[in-house]
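Presented below are the structures under discussion, each in the form of structure tokens.
In the two complexes below, chain A is the common chain; its partner is chain B in one and chain C in the other.
On to the complex of A and B.
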């Protein structure tokens, strides 16, 4: 739709607004009346108790009607045809340009000023150099914080309500998320506790007494990028990470059997204390979560 | 002429958007499947009737007297009434193809037949009974919290279900009755873990059941829930429909008459 078409239409309709049939004034009037009715209706709906969708629709009709009326007014009634204004030239007069060029040359050609110009470079360089130091503001180095969690020898396992996990809490085929007692908000310490039939687990060397009575606990943080491994497929004894479908074999030390994870989930050594509560024998024997720069 | 078409398109798109935002979900109400047994006590006659039905339809996979058949079907000794009622009243059993995931489908038996089969399976060995749930006893915010912690990882925060490993999926919860939801927690059907009474007590189960029921008709502030699939479909509608209509409107405003 080019300018020529628009010009032709303008010629066909010398009054500049009246479309086929209805004059622009009447259209505008109808829109404004509709907007008025919708606004009153909006007030009515609100007083009657409110209904979000109806209120939204009425508000839309009211605002839209006023807007459409304004546009129609601007297009149809405000002017008679297109008005063109000259913009003038943007470039300066020739003698002005010359005068500026001369002035700049005068300023920079003086020998003393040239060395001052070099100082601009020096100052800029120093500023860039100073920007290196705020790297310190990123905070203290993590130290050993990434290597350990809140699990201490003898710490009881508690669920998300803070209730201690007892040896009869889970049935075979059950699972829950547990935290160390008195450190329930230590996000890096959460473990997923699974109970399988006693003797079903194939423990790794050195982990033979880590899973009493079929209870076995693994870090809930995926070693891939750290999502919670919160999905347990009971029939295949597999833990599943929802983010990238890394799958871990519960019976085989949470070895990754599918997906992008390359390391097994760290296993928490469990024991049952004399009162029947599940406790940790010690902290994990490896860092939890995804890899980091100085992880072994 | 083309301009008028554009205006019409803009109007149509606009009304479509309004309609989308105003109309609530209507396909969500599904007739609940017949709940199996009710609370009528099962008598010896039921066990006998169940035995006959079992011999016809279940023995091939689950073996005589529920002993199980290797590589075909598990033993049913000790699975309890809750398990049998869950699988039968959701139509998951009988299974179409052995070793495939049991899916909710048309219920194959009448409520009386289900009561008989359940009585027979329950007579094979002690197991969890059909839980009695009264969702009105549940606490909705508590149910929300428990659901988010225990159920949402697999069934999604809106109960729409989701994919798991090995081509298995967690089913949507919109058609499950309160009893079936409670049964699934106690029984752990298929890939689902068991949530026994020591993990979630009856009150907590009632709260979860109440929340699952709420998820069926959640309070959709925007109007259309778009299947409650989350931000991506919502963003899709906003960008394609909303922005499309706005672009057409801008073009209409900027076109010279």
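On to the complex of A and C.
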């Protein structure tokens, strides 16, 4: 490849490109005139109110014209071919190296001062340590924030528009997203409510009365990395997280049946109050969302 | 009467005040080797320039705040929707600021190409052994540039606060949370409390437009200064040795070519920014922690974090529970994997030196075939991350090929171990055979050349004749070019 371009260059040089038909100078001029026209056109497009496709195309032509002209220009300049030079050495002369080393060490030349030198390190270390504390202001202590949600005993479930969920809201096979009433923006409290046929659920020990009339509610926050578990496959009774494909078995306590999730979705104990509204019996009995060191 | 040209007067004026002529003379005469693969790093540098220019423009219009606003604007599909001020301002940039959409899309395309150029440049340096002594410092700076750039890309992508980016931030938060012992504090301090919250956009903004760009600019400056001091490496060739350098003078031929490359890179990014839609945030809607489902199915992060998303997807559902504590699943693909990745990258020049016992300085580059084991390890590593990257689209693949996502994921769980091994052995034997046969992989077979002898017979020409240095012929034209006087001594 190198040889062929060199040959081309050689043919171009005397009158600027007899071999290719058009002199390099004329090609450069055409490119630069096109770039000028495109730039003026770009200004016109702005003045006329702007149009993204035209702006991008004209800017591209303008810049590309200048770029290609520069490269043609550079080719014409390469009359001398490549040149070879000496690298020289990186490391300095011994004399210089020693002079620098000695100069640096002068600071500890005084014998009596060596013993105090360590205290600079101590003071500096203490300063660095104290400077860590402002970082503490960047956020609250985790406290119990990760362990609890906004669900309280008796809290009604409301859907995303704030309408309370009643026992007849869902058909068997339906599902919706719900929040605690009066805490509709509590992102950690979102649940997915599924209705299956009564008796289909295989409740875990202690959860026998958590799913009245086939209603069952799980935290909607994936225990993997926290995406909303928003897909429900009715035929297999599985909840699916769209981000990383963790799959949860609704009938078996939302046990993870596939994917990277390691834990079941926490289940919200449900009941139906006297007026027929779905309510929570209590908060979740475990932390919702992705795992962390002090989760258990 | 002819006047002194303005350039000369300007130079004289400067030189009398700064004494620039000695340095300028040496600088203009500096030799840079010509090889297409040495341009890749320049493409990255020019993308960074475009990122700064378009990014500064975008900061004039972007509102880094999570205050809730109700959208009233030309995009009717979101009319009346409650959203963050940040998301609303990115809609304004896209629809109301004249030239705003092109700037935004150029910024995004430049970021994607910047990251690609960084990775390809890294591969070039790796496979040619350019990281060897004396260039270990620049390797370390280069890996740091990669890390800071990936982080800055992630923060920039997150600022827009659309449904996709908010989901990405949520994943980042969960990875921070999963770190043993300190994870809860780290996540709360970095993100400003439990996710979602109103703090992180302002924080990411400062990181994205100030702290990390300043770090990248500083590292890039150091990278170039060291390159300038050490001079560029070169491939072997006639007359080339460890102690010389063959190429073009910085001025004018190399500079004109390089500035031309800058314009062409910018032209391509401008054309993409205008003609190729990227990250249409208005289609995703504002971030809503309960609502990600519709958009996040079949959505992938920007390509340079795709390998991490793929790792999250194919990691089996394992976690460690010890002494009442949990080491959660995302810790392994989200924190351990990048830790090992960048740790090994940083350590590579020193690891290789340990194994090869090669402590010499190298200015002549290896071809990949010259170091079969290094090339094989590189190919294995690339195949590993390619599998992770493809696994990041397992839901897309599942729907395209009409198979269960489970099957695709299980396939990747096998390939991630098998393919790197295959890549290693195939590459190693390919390198060895190339080194033995001396045939260029893309050059094909050349046949044999003959030459007529003085006596009228024919003789075969040694096919490797060109490989031998022709000291007498080439060096003579090198140092003493008839077109310019010799440079001043150092």
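Remarks
Here, the second predicted complex is superposed on the first by the 184 of 296 C-alpha atoms of A that agree within 3 Å, B and C clash if a C-alpha of one lies under 4 Å from a C-alpha of the other, contacts with A are read in each partner's own complex, and residues count from 1 in each chain.
Everything that follows uses one rule, which is that a residue touches a chain if its C-beta (ideal position, glycine included) is under 8 Å from a C-beta of that chain, and two chains touch if they have at least 3 such contacts.
The model shown is predicted, which means the values in this text are computed figures rather than measured ones.
In the superposition on chain A, A:109 makes contact with neither chain B nor chain C.
Ranked by how many residues of chain A each touches, chain B and chain C are led by C.
By the touch criterion defined above, A:88 reaches chain C but does not reach chain B. Of the two partner chains, chain B and chain C are each touched by A:160. Touch criterion met: A:175 reaches chain B, while chain C stays clear of it.
In the superposed pair of complexes, A:258 makes contact with chain B and with chain C alike.
In the superposition on chain A, A:231 makes contact with both chain B and chain C.
Of the two partner chains placed by superposition, chain B and chain C are both touched by A:242. In the superposition on chain A, A:53 makes contact with both chain B and chain C. By the touch criterion defined above, A:71 lies against chain B and chain C together after alignment on the C-alpha atoms of chain A.
Once both structures are placed on chain A, chain A residues 52-54, 56-57, 60, 71, 82, 160, 177, 228, 230-231, 242, 245, 247, 258 are touched by chain B and, in the other complex, by chain C. Those residues of chain C that touch chain A in the complex are listed here as 31, 34, 98-99, 101-102, 105-106, 134, 167, 170-171, 173-175, 177-185, 187-196, 199, 229-231, 239-240, 242-249, 252-254, 256-257, 259-264, 266-268, 270-275, 289-294, 296-298, 309, 312-319, 321, 324-330, 333-334, 361, 363, 394-395, 405-406, 409, 474-475, 477-479, 481-484, 487, 490. Residues 2-3, 18, 21-22, 24, 149-150, 153-154, 162-166, 168, 188, 190-196, 198-199, 221-223, 252-253, 255-257 of chain B are the ones touching chain A in the complex. Across the complex, chain A meets chain B through its residues 1, 3, 6, 9-10, 16-17, 52-54, 56-57, 60, 71, 75-76, 82, 160, 166, 168-177, 194, 228, 230-236, 238, 240, 242, 245, 247, 258.
Remark: chain A residues 46, 49-50, 52-57, 59-64, 66-71, 73-74, 77-88, 90, 135-136, 138-142, 145-146, 160, 177, 179, 187-188, 190, 220, 224-228, 230-231, 242-247, 256, 258-263, 289-296 touch chain C in the complex.
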